[in-house]
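Okay, here's the structure, questions in a sec.
Labels for the chains are A, B and C, by order of writing; each one numbers its residues from 1.
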Amino acid sequence: MKNETIKKGMITLSKKLFPICRSITGNGLRQTLNIIQEHIPIKIFEVPSGTKVFDWSIPREWNIHDAYIKDSKGKKIIDFKKSNLHVVGYSVPVKKKMPFNGLREHLHYIPEKPKWIPYITSYYKEEWGFCLSYEQYKKLKNGVYEVNIDSELKTGALSYGELFIPGKVKDEILLTTYVCHPSLANDNLSGALLLTFLAETITEASRKYSYRFLFVPETIGAIAWIAKNQEKLKNIKYGLVATCVGDRGSYTYKKTRAGDSYLDRVVMNVLKNSGEQHTIVDFFPAGSDERQFSSPGINLPMGSLMRTMYGKFPEYHTSADNLDFISPESLLGSYEHYRDIIYVLENDGYYLNLNPKCEPMLGNRGLYNVGKKPECSEEEEIALRWVLNFSDGRHSLLDISNKSGINFRIIKRVADRLIKSDLLKETLDFTKK
Amino acid sequence: MKNETIKKGMITLSKKLFPICRSITGNGLRQTLNIIQEHIPIKIFEVPSGTKVFDWSIPREWNIHDAYIKDSKGKKIIDFKKSNLHVVGYSVPVKKKMPFNGLREHLHYIPEKPKWIPYITSYYKEEWGFCLSYEQYKKLKNGVYEVNIDSELKTGALSYGELFIPGKVKDEILLTTYVCHPSLANDNLSGALLLTFLAETITEASRKYSYRFLFVPETIGAIAWIAKNQEKLKNIKYGLVATCVGDRGSYTYKKTRAGDSYLDRVVMNVLKNSGEQHTIVDFFPAGSDERQFSSPGINLPMGSLMRTMYGKFPEYHTSADNLDFISPESLLGSYEHYRDIIYVLENDGYYLNLNPKCEPMLGNRGLYNVGKKPECSEEEEIALRWVLNFSDGRHSLLDISNKSGINFRIIKRVADRLIKSDLLKETLDFTKK
Amino acid sequence: MKNETIKKGMITLSKKLFPICRSITGNGLRQTLNIIQEHIPIKIFEVPSGTKVFDWSIPREWNIHDAYIKDSKGKKIIDFKKSNLHVVGYSVPVKKKMPFNGLREHLHYIPEKPKWIPYITSYYKEEWGFCLSYEQYKKLKNGVYEVNIDSELKTGALSYGELFIPGKVKDEILLTTYVCHPSLANDNLSGALLLTFLAETITEASRKYSYRFLFVPETIGAIAWIAKNQEKLKNIKYGLVATCVGDRGSYTYKKTRAGDSYLDRVVMNVLKNSGEQHTIVDFFPAGSDERQFSSPGINLPMGSLMRTMYGKFPEYHTSADNLDFISPESLLGSYEHYRDIIYVLENDGYYLNLNPKCEPMLGNRGLYNVGKKPECSEEEEIALRWVLNFSDGRHSLLDISNKSGINFRIIKRVADRLIKSDLLKETLDFTKK
């Protein structure tokens, strides 16, 4: 797929998905997975309410049809149909008249951000509430209000989507994102957009690794998947959580728990070679689903490549995290970074210089940057010498890219040229290492 | 003991001890140990003159009764009774009249610090001399002076004090200070004040480790103790030399000889968490008694936590290092740092997360920072997640404090809470490691 | 030899060698080796044209007698006799008249450096050409020119010089330089000057290591030597390529391929202790003959200590790299650095403190800095304590110099004093390690 196609595709998909009222269970989540299924053949799984998943239980399924607050004159002053953020997620049903004094303790707003509606949930404690902008809140006066939350909490299921793309080896790369947030664009519609198109690209390409994509509700969905798929964990070599990849900020990479894993070196190589500003943060046991995959009993090397990290942008968990907050260029740039990471994972390997004593004569082989129309660019000749010198079975192409500061794609290209010239051979199937 | 009690106690003790004329042997040293004995039950040992201690011999005992210089009119112009720094330590007796020309080579002063009397000794070379301020020196004129040093050097003993506080295990923490300097406050009355009150505190508290306190004359006293107690060295796990802990400067930690010992990590954790400015210096084979304990044949992990390091403050080894130069707040702050180091040593350990697969559900256990009156502060919830994630048997609580940047005491507190919730257990007696 | 003698000697030699037209084969190279032989007894080897050396063949021998371009009036406008840089190295013979249009593609110049003649070669591709300054080039007009290159390319030999100086052990230090450049002073007449006088100095001194000096044509000469001397490689412990050591810039050390070899630590110690500004660069597989010695199948720890690195000074490979560009002081300073490196290599070792328990009494042994005419300087006493503390069999004198920041020569001097005082003994022949 061309970049322009991907960019347009992501924008079209974003407009379809954004308005849906998602939660960690329910029909909004199901509808989201169905729409993603129109692009990539994910399987949709349903885990029944009450299922025990490690220390947790799948909660009852939550659905909501409508919600509003009417003032004493019967005028709707808060309306779920205008923004699904207006209702606290997992609110129990309520329909009654009550004075402002009683209503007040069910209202959530942010005085510091007077125009924005906050995003609030209460999954495990029975509660109901409304979220509104501080400007809306300030207009409320004493009096009697009619509140109506037409929701239901009943035995049902937690839904998630999974796509397995087999490769030449059974070693897997895991790519996960969470799809439980209602109308919030960067956190985390952006993750679903990126992974949908990345899955399409990977499906179309030849590949060595197998790939597993997960579209799950955050925390409980990841826990449910891990609990039900423990035998699959041994094949997962590395994983990435895609989140907050649509804003206009620079990149942030949250390292794996070990902090020095092969995946960390791959991602940092890609970021460095991209030439774009970026920040590396050490693993910390908060954030998104890397918390579950990195718990001590699971302990997978799971990183997260974001743009501005969750919690670090003021729009986080408010109505300001809308479609204007993300940009097609940012989404595409993030997608390209994920694709470059996969390129390195797929193409890294250990090679052996077949003429290890002194340099081979490059000129005889068209590998020398000389003359007015050289067969080899200066950059390639430099890269060739790096590959020849360090292809001693102890340095992978990634190591050579890191040592030389030369883009991995160039290193790989000249390695292929050296193979054609019988000066190099691959010495080890990297996935066997 | 409360901090206020300790501060007052240290000040009272400092006033008693400061005026005494101490040296590496003699009655001033004995009297100092006797006064310390009024606070803590140190044993006082006497090592006879001439005793061979490794490459050294215990010198003869030195005592002094009086000393002065009189001018030709019989006026005392230098008087030992005004400051015991006026006499070079270990001066042999002298009583004679002599011209200024002959006297001059026995006089010590500091032109750059015209009001201060220097502190000079000559333990191993027979010598006599007077120390005086440069202002005093400049007033001296040609003429005949009467000098009198009423001292004696004779077979006696070197005295030192030792206190052993047994713990649950025989592994020991060694705390040493030197008590051979006459009226000098920071170097090193301050060390004796700190260790006296620290010993009291440790005696009162429950403890895992055993503790050994030494109050010795510098160099020869430390050498004598080591020579006589070689079989005890194997139990000493870590040690600290308390010196220069009373001035108003920021902290200096001189690392152990190895430079990466567990003790170094403990002290640096405490300093970092204190939030106070501090300097870390690598071990160097000069300084105080860490030189002996860190000699290659002894090689104990011996650090030294000071405020301004010896030799680095202009008042060092002069009469300006007096009781005004140290402050009760500085002494107390240093005491608290030593106490915090001991807290970490006593409470560090390896723990195991008993729910290692994915996160446990914190909300069910009152360990979740949610609602208006949460049972768990936000800081504690963050700390909880760090302890759960890294309690894999390979990270101690100190490691987790260092990784997370969270104060060790909070880490320890939430670990205790997790144990109560059956989510954590101690996996290893740290002292067995 | 005294420094002044060396400096004068290098200047005299430089004037003899500079004008010779050298190449990777031929009489200019032979003449250069003969002149060096007047100073040091190098053996001169001749490798016949066509000899296979790994992936390469020794090329035909090139000699040149004269070359010029005459304008249509018969006036010599470019004359090899004025500068041997005027002819592209290895130019095939040519004698013909040709229009400017045809001539132009055989002309090389640098518009950015209008007064300088570039240095160009074409060893492996049959070619002819002239190099000239851009100012000269701009004066050329349309018309017919007479070009004459009176050169010959025929079966002959590649010459190189080698000097082996045996030591007490068969472990060798390799010192190489390349002598294939015509009239270029810093790159690399300077390397030949330095190694000639260094070889003289080493021959005169007592030594532990054996030394091997190579004066070879770059690349093909190094490859030829390695190919013919593979059995000697096992004795070579460390090596240095001497190049660009005469300019007025600060030092550059290009590290060995491993990047953390013992040689790297030695050179960095010498540079740090010299107090002079310097730059450390990691190994990269371009540059000079370290490329061959560091190829993966040879893999010797080969560094290169330069002043301004090749390619980093504007005069590089132009007529501006002449005798004015190098200075006697710079050459001597570089020589002294090489000599200091050898001093460390020769004198480093592991020692054992014979009084390891506590400090020995230094005062009894004249090792204490006390009194008005001390037998031991303060610097020496500090160094003594470092040597005593760290002579535990695990730290070499170099380690102690690095830890203490004290010049290696002082460390070695006090170690000798401690040996005389029976406080230290050498514990290990370093070359056996």
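By our rule, a residue touches a chain if its C-beta (ideal position, glycine included) is under 8 Å from a C-beta of that chain, and two chains touch if they have at least 3 such contacts.
All figures in this text were calculated on a predicted structure; none of them were measured in a lab.
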item	value
Copies chain B and chain A - interface residue numbers shared by over half, same or different	different
Degree value of the rotation bringing chain B onto chain C, based on Cα positions, nearest 5	120
Intercentroid distance (Cα basis), chain B paired with chain A, Å	54
Sequence positions of chain C contacting 2 or more other chains	none
Residues on chain C engaged by chain A in the complex (per definition of touch)	53-56, 124-125, 219, 222-223, 226-227, 257, 282, 284-286, 291-292, 294-299
Residues of chain C touching chain B in the complex	353, 355-361, 363-364, 370-371, 382, 385-386, 388-392, 403-404
